Amino acid sequence: MISPLEKASILVEALPYIKKFYGKTVVIKYGGHAMINCELKQAVMTDLVLMKFVGINPVVVHGGGPEITGMLKRLGIESQFVGGLRVTDSATMEVVEMVLGKLNKEIVALINKFGGRGVGLSGKDANLITATKKLGAGQQDIGLVGEVAQINPQLVETVIKEGYIPVISPVGAGEDGATYNINADYVAGAMATALKADKLIILTDVEGILADRNDKDSLLSTIKVDEIPSLIERGIIQGGMIPKVECCVKAIQGGVNSTHILDGRVPHAILLEVFTDKGIGTMVAP
Amino acid sequence: MISPLEKASILVEALPYIKKFYGKTVVIKYGGHAMINCELKQAVMTDLVLMKFVGINPVVVHGGGPEITGMLKRLGIESQFVGGLRVTDSATMEVVEMVLGKLNKEIVALINKFGGRGVGLSGKDANLITATKKLGAGQQDIGLVGEVAQINPQLVETVIKEGYIPVISPVGAGEDGATYNINADYVAGAMATALKADKLIILTDVEGILADRNDKDSLLSTIKVDEIPSLIERGIIQGGMIPKVECCVKAIQGGVNSTHILDGRVPHAILLEVFTDKGIGTMVAP
Amino acid sequence: MISPLEKASILVEALPYIKKFYGKTVVIKYGGHAMINCELKQAVMTDLVLMKFVGINPVVVHGGGPEITGMLKRLGIESQFVGGLRVTDSATMEVVEMVLGKLNKEIVALINKFGGRGVGLSGKDANLITATKKLGAGQQDIGLVGEVAQINPQLVETVIKEGYIPVISPVGAGEDGATYNINADYVAGAMATALKADKLIILTDVEGILADRNDKDSLLSTIKVDEIPSLIERGIIQGGMIPKVECCVKAIQGGVNSTHILDGRVPHAILLEVFTDKGIGTMVAP
Amino acid sequence: MISPLEKASILVEALPYIKKFYGKTVVIKYGGHAMINCELKQAVMTDLVLMKFVGINPVVVHGGGPEITGMLKRLGIESQFVGGLRVTDSATMEVVEMVLGKLNKEIVALINKFGGRGVGLSGKDANLITATKKLGAGQQDIGLVGEVAQINPQLVETVIKEGYIPVISPVGAGEDGATYNINADYVAGAMATALKADKLIILTDVEGILADRNDKDSLLSTIKVDEIPSLIERGIIQGGMIPKVECCVKAIQGGVNSTHILDGRVPHAILLEVFTDKGIGTMVAP
Amino acid sequence: MISPLEKASILVEALPYIKKFYGKTVVIKYGGHAMINCELKQAVMTDLVLMKFVGINPVVVHGGGPEITGMLKRLGIESQFVGGLRVTDSATMEVVEMVLGKLNKEIVALINKFGGRGVGLSGKDANLITATKKLGAGQQDIGLVGEVAQINPQLVETVIKEGYIPVISPVGAGEDGATYNINADYVAGAMATALKADKLIILTDVEGILADRNDKDSLLSTIKVDEIPSLIERGIIQGGMIPKVECCVKAIQGGVNSTHILDGRVPHAILLEVFTDKGIGTMVAP
Amino acid sequence: MISPLEKASILVEALPYIKKFYGKTVVIKYGGHAMINCELKQAVMTDLVLMKFVGINPVVVHGGGPEITGMLKRLGIESQFVGGLRVTDSATMEVVEMVLGKLNKEIVALINKFGGRGVGLSGKDANLITATKKLGAGQQDIGLVGEVAQINPQLVETVIKEGYIPVISPVGAGEDGATYNINADYVAGAMATALKADKLIILTDVEGILADRNDKDSLLSTIKVDEIPSLIERGIIQGGMIPKVECCVKAIQGGVNSTHILDGRVPHAILLEVFTDKGIGTMVAP
């Protein structure tokens, strides 16, 4: 049993972190297990609401994950793959947008349930995200897959200032009027830069970056931007982790103070990162 | 050919209407053909953007129409019907929400394309619409069909004030956390009241209310609230028109200045209603 | 007969222009026939009020024209001329100021009548225009004829921001306390620069600049600043048109985006210039 | 010679009055000798500017006096009289408005010269004063003589708040579009009420109200509203003083705190009234 | 050892309380042991700063306690006592004010040290507290002992709004210009009412109100306003507790939501009261 | 006897000075006789309140003078002296702070009595003044004597903007948490720089700087910064005047427009300096 006094002490221990991040913006890429498991979902929502109340401004960018694949399957839409990447034709894009939209409002409803006030936006709202076509490996056409061309953050800034928590779908409109699906990690990174965020947090389903992939105790708690090429070369950063690390590097170059790749399977991972000294996961630092 | 001077005269003729509605809010229920036909869609969007630029604040509430049925079919979800109403179970509701979400962002993207700045919201955002369960005829359970319990218009007011055009999906969260589908006409009416709108416009696929159903020239251009019971009794208002008229009556009782049932198949129906003396369709007046 | 749909189309055609000039300031030199003929007067006023309502900020600088001469005659004040210019002694100046003041309030009253809210100012109000003495040809003293020394635009900016249409008499006070009459074209140009206006419109009683004075179809719709010396040399720009063109050049050099010499005898000339692609008259462009 | 210390003491003596009127509005009817004599004019201007700087908001309403008669004569306009009142036809009204306009800007220029920032307005500006036709004795038509129908004080309030001293010509537009001349005393009184002024000061060419017309030492320094009928009956208030007293009574009934009829021939009469205990002239009190 | 996850859970447990008091004002009477013991002092300061950062507005009213007696002794000022109350002559008052002033700035410096921004005020600043003379038992003159006559809370409201923590000495100026010492409990109560505070907390050196004075487990955690007369009669509320309870009752009658008499000897007593469900000490409730 | 008209003239004479200093900040070092003599005190307070009402923002920095010595004596605290400077141990500092605090609130109460609204602050409030340790001659430790390390003027700026007169005690907290006593002249100079004041006034008990110490008529009304070294060398500036002149020089280098060493024994010395052309005392000019 934790005594009242111990409870008070723990609150007091949070004070320096509250001070440090007061009035700052923290962009969170939300995805993976933390978006599927019911308890983890609730823990994330509480973390967001608590941050908002103590004066920190969380901004959520979410992915769509397995639900998109499920819905494509249900609809009998078969995907072609080019170099391992799914070609996003307009029928697929329609499903992507629908599923992202549904997940977006689910997150908003959960935030509201936990006492915050969420506002769900897609990159189309107020031209928040404009996109350009992204080509696959070998410059192949992979359809409506986009890159962030520009972020117009005014709407998000207004929403933050009025006390809401913005929740953003990684979809953008191109100059051609078409809708593009954009990797949520990249959107989160670009959003962090555009909002002059203090911190970027990417929730993943791994412990962070491990020096030895087979040893969970070999977590690298900090890696520096200039160590990254060598870490990639040595295979320590590999696969899906490479683009995540890239987003972090870009965000740092864009002026974000610190970036973090966290294990979203740990309950309250965001809170632990923000409110304790040790932090968890791997920090990518300048 | 219309001469430049004639053009100028027509602009000048609009002046009294611009003055009259300057700074006022107009809620538009958007649905039917005007949401399907490509040219009509573009005409609606231009009308909205033009209104915004001349100082009027349009707010769009849209329905989902045939796309929902189509998607249910594609997903093989079969619906039960009770007293002619589809029972909305949670699998159906998920589809409803997804389709509405997709349509919502389509409208937003079109507004943006025509030079406005749209912001798409669902009733879940910032608890904009809270819902209560609605029962079918004979108090039968028809699932996740809801009624408007409360409108919290602050977010929409902020969005209007910042120069955006809000586009709203008729979905709300209940106290129980469940998502409810609400008739878009009712949402539009309740929104008009909550926003202290000056005007409510319901776009339909008919000319308005006809004295003689077989004579398109028998349009009733104005009906008064106290004539309505007799018009219903005499079968002049019937079927799907009854709830639309009901929404208008409620909005008028809630303080909305004028309410209109327009033929959305006429291009620029909204503009003609707002900017010409004659108006089109049927006005429901106090 | 123009059908409602044609009317709607014409309104919609104006949208790109409304967007383009939204929130911009347009300074109009008002004089000549447009200030005498009753219908033209009303057309100008409607144009001003319409512009204001659609989010453009018109600012009027007016001349005094034939009324001054008429009043001098009635009062038996004879004028000396030096190099063709009337010498403005203090008795003459008093009449000039009185007549301008009366015309100023007439314009204001007309704006009000057409639904705008005009505010009449002279250059003395809040030291809006300070003047220095201007000498005639050969450095001769021509009395109280002035040049703009400085514009203090704060009062006009306040008046614009509060939703009024400012109407300005071309009179200024000198350092010596004396009142000076200033050419209204020059005041309009200097005002456009000081207010960072987007557009300067000078209403005249000719079609614009004609390549061949005897051929009204030879209108030069655009002349470039660097073509002007040659056009003057060739006599295409001559007489009273020279100072008007000079004002345009100065305004362009002062940052005004486009300047126009329009035929004020055409009804709604201002509206046609602002809201149609073709424009009318001659544009002086950088 | 007054010593520096005595000077300091006098400044200090003004402190309670500065405190008392801080942020308050004082409406001054300016006319008579104080508007003709050069030194008196300068004294009035200094008083106005000083008041503004110490946080009091003066508003000037001026008359036209002898200049109007002079100009009518110069122009050979003959006036008909009905019951002693000049019939104001439109030719006469034009002259009235011109002369008032000229005087208005003269006052503005003088205020500017003494370091204030004057803004001259007529009742037409922003519909500041709307007028209704006033009939002469026996309901005779006396032309364009008006009464105050309504004051729309927003423009004057803006001008005050932005630090300017408003100077107002007693001219108003009627519903019929015609321009009416209104007695400046009445305009000052109505303006004081509309602006929720603390004080109304009417400058006259007499000492105030004398108990014995032949004895300048018999000044009544205060008269109460309910004494007035008896004072009129006894001939102590008579002639041109009656309407002035009437204005004061109306202003008091409209919420103005104190009203004063001062001798404008005394230099700095306004300052003496506002900044000394004794005051000068006659106060009309509730 | 408390695990990171337990820590996170405790932070999350605080969320409902943070929400509940967000933007609310809490007035704290600070005195007794909590003002003497070094660790308790630090705990109080951290509690104040933490509250401020999570959006609650603490306002401190402090007493002077034993330091005043000590300084009077050092200065050889002997006090007369009337009915057990020290007569406060002007020499004593001077000492009271000096000691309170020193303590006030000590508290401010400690708040600053812990990361807040304190501003120390006495009741004289901006006429924050005006006082009237209080008589002793039997209407005896006990010198410069005062009661709160009026609170002018504007300065404190400004200070709160600008992000500072106000710290207030219980001293006020009378109409007679004299300085009065006022009981800090009463000042805290009156301040809570004037600031429309949500909560009043009085720190004492006892557990709260005990049903049986000899049994520390007999704490009454809530007493209702209408039980109080009977509790006084039965001797359960007695001595110095009576005025504290009185202050609570007055504050409740003045609109304060809840009032608390806490044991200031418990570290973080304020935090425990505000952030846990159980609370500590005795709540005086309506 | 001074006539009303003379009084008015004197008010009018003040106008140019009021204009000149409108909205400007004037920092006044208050000490010496002007803080002891009852009439001088009242004269200073009236000067401050008058300045505030006519739009000038006075800021008072006061010393403690003889009262500190008196209280140390009463408490039997003996001081060591090093090179003529009193060593300030913590017992002494406590007395210094208490006495300064009491004087601070006395000044505030007097300002309030004369119709202003004073707010008393010490350098600890909101970390207004942070201090560093100052060493005595020969680098000897003289205890808690400090120098200004930094001014954080936000609180004072807020207090000024809200219409209060700030009164500041020359005490600051060091990084080490200790309280330091700082020379009030230096605090006034640093405050003038930090507040971007227009004027610094140091009240002294001498006429100013005399060319011949024995001839009171030999006052140097202006000395230039670059003359000062020579004036010190020649013994014309000497003793306690040297640091005062130093403060003036620093303030001028920090951007203060003019600095003055005035004879505080002259009633209304501040007013005479600010509101008359001649000024009194010695101005230190760039």
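We call the chains A, B, C, D, E and F, going by the order they appear; numbering starts again at 1 in every chain.
Here is the rule we use: a residue touches a chain if its C-beta (ideal position, glycine included) is under 8 Å from a C-beta of that chain, and two chains touch if they have at least 3 such contacts.
Not measured: the values here are computed from a predicted model.
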Return the chains shared as contacts by chain C and chain D, ordered by label.
none
Can you give me the shortest step count from chain A to chain E, moving only between touching chains?
1
Measuring between Cα centroids, which chain is at the maximum distance from chain C?
E
Same or different: at the chain E/chain F interface, is the fraction of residue numbers used by both copies above or below half?
same
I'd like the Å distance between the centres of chain B and chain D, where a centre is the mean of that chain's Cα atoms.
57
Between chain B and chain C, what is the gap in Å from one C-alpha centre to the other?
46
Computed distance of Cα centres, chain B from chain A, in Å
35
For chain B, write out the residues touching at least two other chains, lowest number first.
none
Given which chains touch which, is the overall layout a line, a ring, a star, complete, or other?
ring
Could you give the sequence of chains met when travelling the ring from chain D by way of chain F?
D, F, E, A, B, C
Provide the residue numbers of chain B that touch chain A in the complex, in ascending order.
74-76, 94, 97-99, 101-102, 104-105, 108-109, 112-113, 117-122, 124-127, 154-155, 158, 162, 164, 171, 173, 177, 179
Considering the complex alone, what residue numbers of chain D touch chain F?
2, 4-16, 18-19, 22, 43, 46-47, 49-50, 53-55, 114-115, 266-268, 271-272, 275-276, 278, 280
